[in-house]
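Next up: the structures, one after another.
Heads up, the next two complexes both have subunit A, just with different partners, subunit B and then subunit C.
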Partner chain A sequence: MASIKGHKSSEMGLHEEVLTGRTQQVFFNPEESENFFYHDAYDVDFNKRTEIDAKDIECLDINRKIKELMSQGYGTIVIKNPGSKHSIGVGILNKLNLIVEGSLGYFGIGSVDGPNVRISGRVGWSCAENMMAGKVVVEKNAGSCFGAAIRGGDLICKGSVGARSGIDMKGGTIIVGGDAGAFTGFMMQRGRIVILGDVGPNLADSLYDGTIFVGGNIKSLGADAVEAEMTDLDVDWLKRKLKVAEIDKKVDFKKMTKIVSGKKLWNYDNLEPSERKGAI
Partner chain B sequence: MCGIAGIIHRGKSNNVGGEMQKMLQSLKHRGPDSTGYALYGEGESNNYILRYKVGENVKEGTTAVKEDPSVYAARRKEVDKKINEVGATIHNDEKITEYSFRYVISYDGDLLDLAKKIESVEETEIQSLGKSLELIKDIGDASVVADQYSLNQFSGTHGIGHTRMATESGVDIRSAHPYWAYPFSDVSVVHNGQLTNYWNNRRALEAKGMRFLSSCDSELIAVYLADKIREGMDLEEAMKGSLEHLDGVFTYLVATKDKLGMAKDTMAAKPMVLYESDDLVALASEEVAIRSVMPTEIDTYDPYEGEVKVWQA
Partner chain C sequence: MAKKKKTKKTVKKKTSSVKTKDKGIKTAREKMIGQHIGYRYDVNLLPDYTRITPFLQKYIEHMGWDDLNWLEDVHMGYEDGKPAVFDRNINGWVTTPPNLKLPKDQQDRDMIARELLIKFQMSSNHPLVTLKKAYKKN
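Moving on to the complex of A and B:
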């Protein structure tokens, strides 16, 4: 496995920047973010709870119902009998406790900004795609493209995930309790991925930036992915994040493998250092 | 985009026709052009079950050429004649649609000879020829096809099926899945994806005497597997070989008289969700199809890249 030590990208200091929080959170002031509301966001009360029986409802109507209930001030909504339907919980730009009792199909909880979501079953392809902020916890397994292009928030799968998890990811954190498939972190640009189990071939292929931590075996690294040294800062961050993720698994953090970008691809070689920073 | 699904019951028969109809209907959005079923029943006293068609279902949206239906009866007579010529005996014959038929025949000779004779009749295509396989495909969604061919009460151990969105070939029965692995009785294939080295493989297989009926890339998988089985490989070995020889992005299901298998390409670019228990295995392009036959909470997962799995009925 290639090493980051002595590589020119290490001299550029980009990896250190990632570890000190050069992620989306740095660009958005946390206080500002806390007080930020979309123009049509609702003032909801988390103690006000209700249920939706999704058994005989189409996904569009389920999503409309969620919005309608939020407009009435409900802050905790339980979806029963989701039946693996697609696109449930998409576009929630609001604070909300959303509890899904069952499994979701494709594109569940996509393009959300703020909700706290718990899914007791499995999710299909592209769960939480484009998530901006919030927390999504999946108790069982997930399909491919888990957390594709997320910008922020915490996305957690306690089971295993399919191929291309974190593809095109631009911020936030993905945590997987089990294994992950091929091309995990493909063209990832920022953020962090933690896989506690094994990972398939071509991990972090064409990674621009960001960091991937792996607890198990790595089948193979993708183009421009290199191993870096685990630091105390990494270990502290991992301990904290796994606690947040509620993953009750004994992990020897020091033995985890840390993967970063070697920054040897053409887009780095053909740009000046200042341009490189602008490009990622 | 197409939808594929399969179910296999371990050690018992069930209403696989009804189950596959529900699974495929829930995948209609992945392929509204045509639907196909390969169902494995209890057989007809060790006789062969022949499903064949002598024409196409021509309706709005299809690409088939309209013919005068009167030609169908003449072609059927010609097929009967060919069957008798090779020494086979017809025990039962049913007209399912004006262009589609189901025969029960006894025959001791070479299956390839019989198949070639039947298909020498103009526009005639064998859909399946086996001792438990019944392959049905037609234009329309799963319910339309199941009603048309009375599949809702079909009893058997396993089945695979396909909902097709036509991309590289026409909207007709000929291009619909599943494909029978000609000339091997009871082997059928459904596929979701694209094969990028179709012509290279097709030319090589044709040079070896294998036959292609359509220009659909999915047929290549059936013919490829048939060729490998002919060379003496077992099903799982042939499927593993397909991952090396067939280029592209694909997930496919294959069924034999007593087995059901799945293979996923090394890029894992096409979906497949799997549920496995002591009683049965169900798998589909989307979990919603599995939920249509198992509404209670179950644990499912996605097979990984390059995986080949085979289950016994």
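Moving on to the complex of A and C:
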């Protein structure tokens, strides 16, 4: 073990560098006072509302403006005339009600941790990419890579989504009211995807872990994706989640198809050569 | 020549002690890399909302959410034989206090894990606080 005393990281409690695994220490104090804020988060009030007219503003300045308004305590911000600009609303690490009146371009609402976002129009590629927590509702359709690599939170599209939705997702929930394209849940590692409509080819290809629920037809399953039995807990959770998603659609939850990982690919080294061919 | 033999023996002893630490290491591949492959608890377990704690309910209301949101993916796991919860912000495990008695039911254990993680992340003792002080761009 290499000592890292005298380095900045020593102040963080990392006194030794363990080369074979993760360092762990007990920091948690049960007597810690009740606090729901990250240490540098803004204390915003949902009842304090303001608007930004984004018509003649560049996306960088729109994002700066959102941050500035949060620092002033605004908890509800409405963006008007977004004009499908790219990368709007990224990096919000705060509780906030963000309302977008219109459509967003590529990479909208990326890397957020906490806000509730409502988009009245459509979104381009990679909406809410790398989202950590919060709720994002898209009222119309979404492009490809919807919710790419999300870690947590609820991402909802009331319309249909393009290909590779939930690619590489590591947590959270993606809910699609309409149909989904090819390679949905590609290389998914954790989390849940709910699709009420049909799904294109290669659903959940190379699925490592996680669960996918499909209400409509599945064109084809990808490598290592297998059907599983619906449980009562699944049904209860789906009922609750669709209410959260504000999707008013009559669904027979028990008739939905549940897809999970066959867990053959991630135990690849244990397989005989003939089995490997079958898995791929 | 004799010196070389001695060093070889000590290296072998060290590897065997590491192996016995983690009983989850079973396959040849895991033995080779000295680490467990895959999750060691049910990451797909959906939360039972009847077990939600008052603290978590308060947190949900504070954030303006309808349910546990990102905390649905938080479970009580274990690291190095101790109950622990994984903190994605530090990419490491946070062990539970030694005097904390955990219930047997996994759903109840998961609720405690969620509560513990929020308290840890919002604490001024969280490693990211120091990290930000040292490296944050102005």
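Quick notes on this one:
Just so we're on the same page, the second predicted complex is superposed on the first by the 226 of 280 C-alpha atoms of A that agree within 3 Å, B and C clash if a C-alpha of one lies under 4 Å from a C-alpha of the other, contacts with A are read in each partner's own complex, and residues count from 1 in each chain.
By definition in this document, a residue touches a chain if its C-beta (ideal position, glycine included) is under 8 Å from a C-beta of that chain, and two chains touch if they have at least 3 such contacts.
Fair warning: this is a prediction, and the values are worked out from it, not measured in the lab.
Contacts of A:190 after superposition on the shared chain: subunit C is touched, whereas subunit B is not. In the superposition on chain A, A:172 makes contact with subunit C only, while subunit B stays out of contact range.
Considering which of subunit B and subunit C touches more of subunit A, the answer is C. Judged by the touch definition given at the top, the superposed model places A:162 against subunit B, while subunit C stays out of reach. In the superposition on chain A, A:140 makes contact with subunit B only, not with subunit C. When the two structures are aligned on the shared chain, A:116 is found in touch with subunit C, with no touch to subunit B. In the superposition on chain A, no contact is made by A:50 with either subunit B or subunit C.
In the superposition on chain A, contact of A:105 is made with subunit B only, not with subunit C. On the side of subunit A, the complex with subunit C involves touching residues 8, 11-14, 20-30, 32, 34-40, 46, 95, 97, 114, 116, 132-135, 151-154, 171-173, 190-191, 209-211, 233-234, 236-237, 240-241, 243-244, 260, 263, 266-267, 269-270. Every residue of subunit A that touches subunit B in the complex is listed here, in rising order: 83-86, 102-103, 105-106, 121-122, 124-125, 140-141, 143-144, 159-160, 162-164, 179, 181-183, 200-201. Within the complex, the subunit C residues that touch subunit A are 18, 27-29, 34-35, 37-39, 43-44, 46-49, 55, 58-59, 62-67, 69-73, 79-80, 84, 88, 91-98, 100, 116, 118-127, 129-132, 134-135. Across the complex, subunit A is touched by residues 266-269, 271, 273, 286-288, 290-291, 295, 297, 299-302, 304-305 of subunit B.
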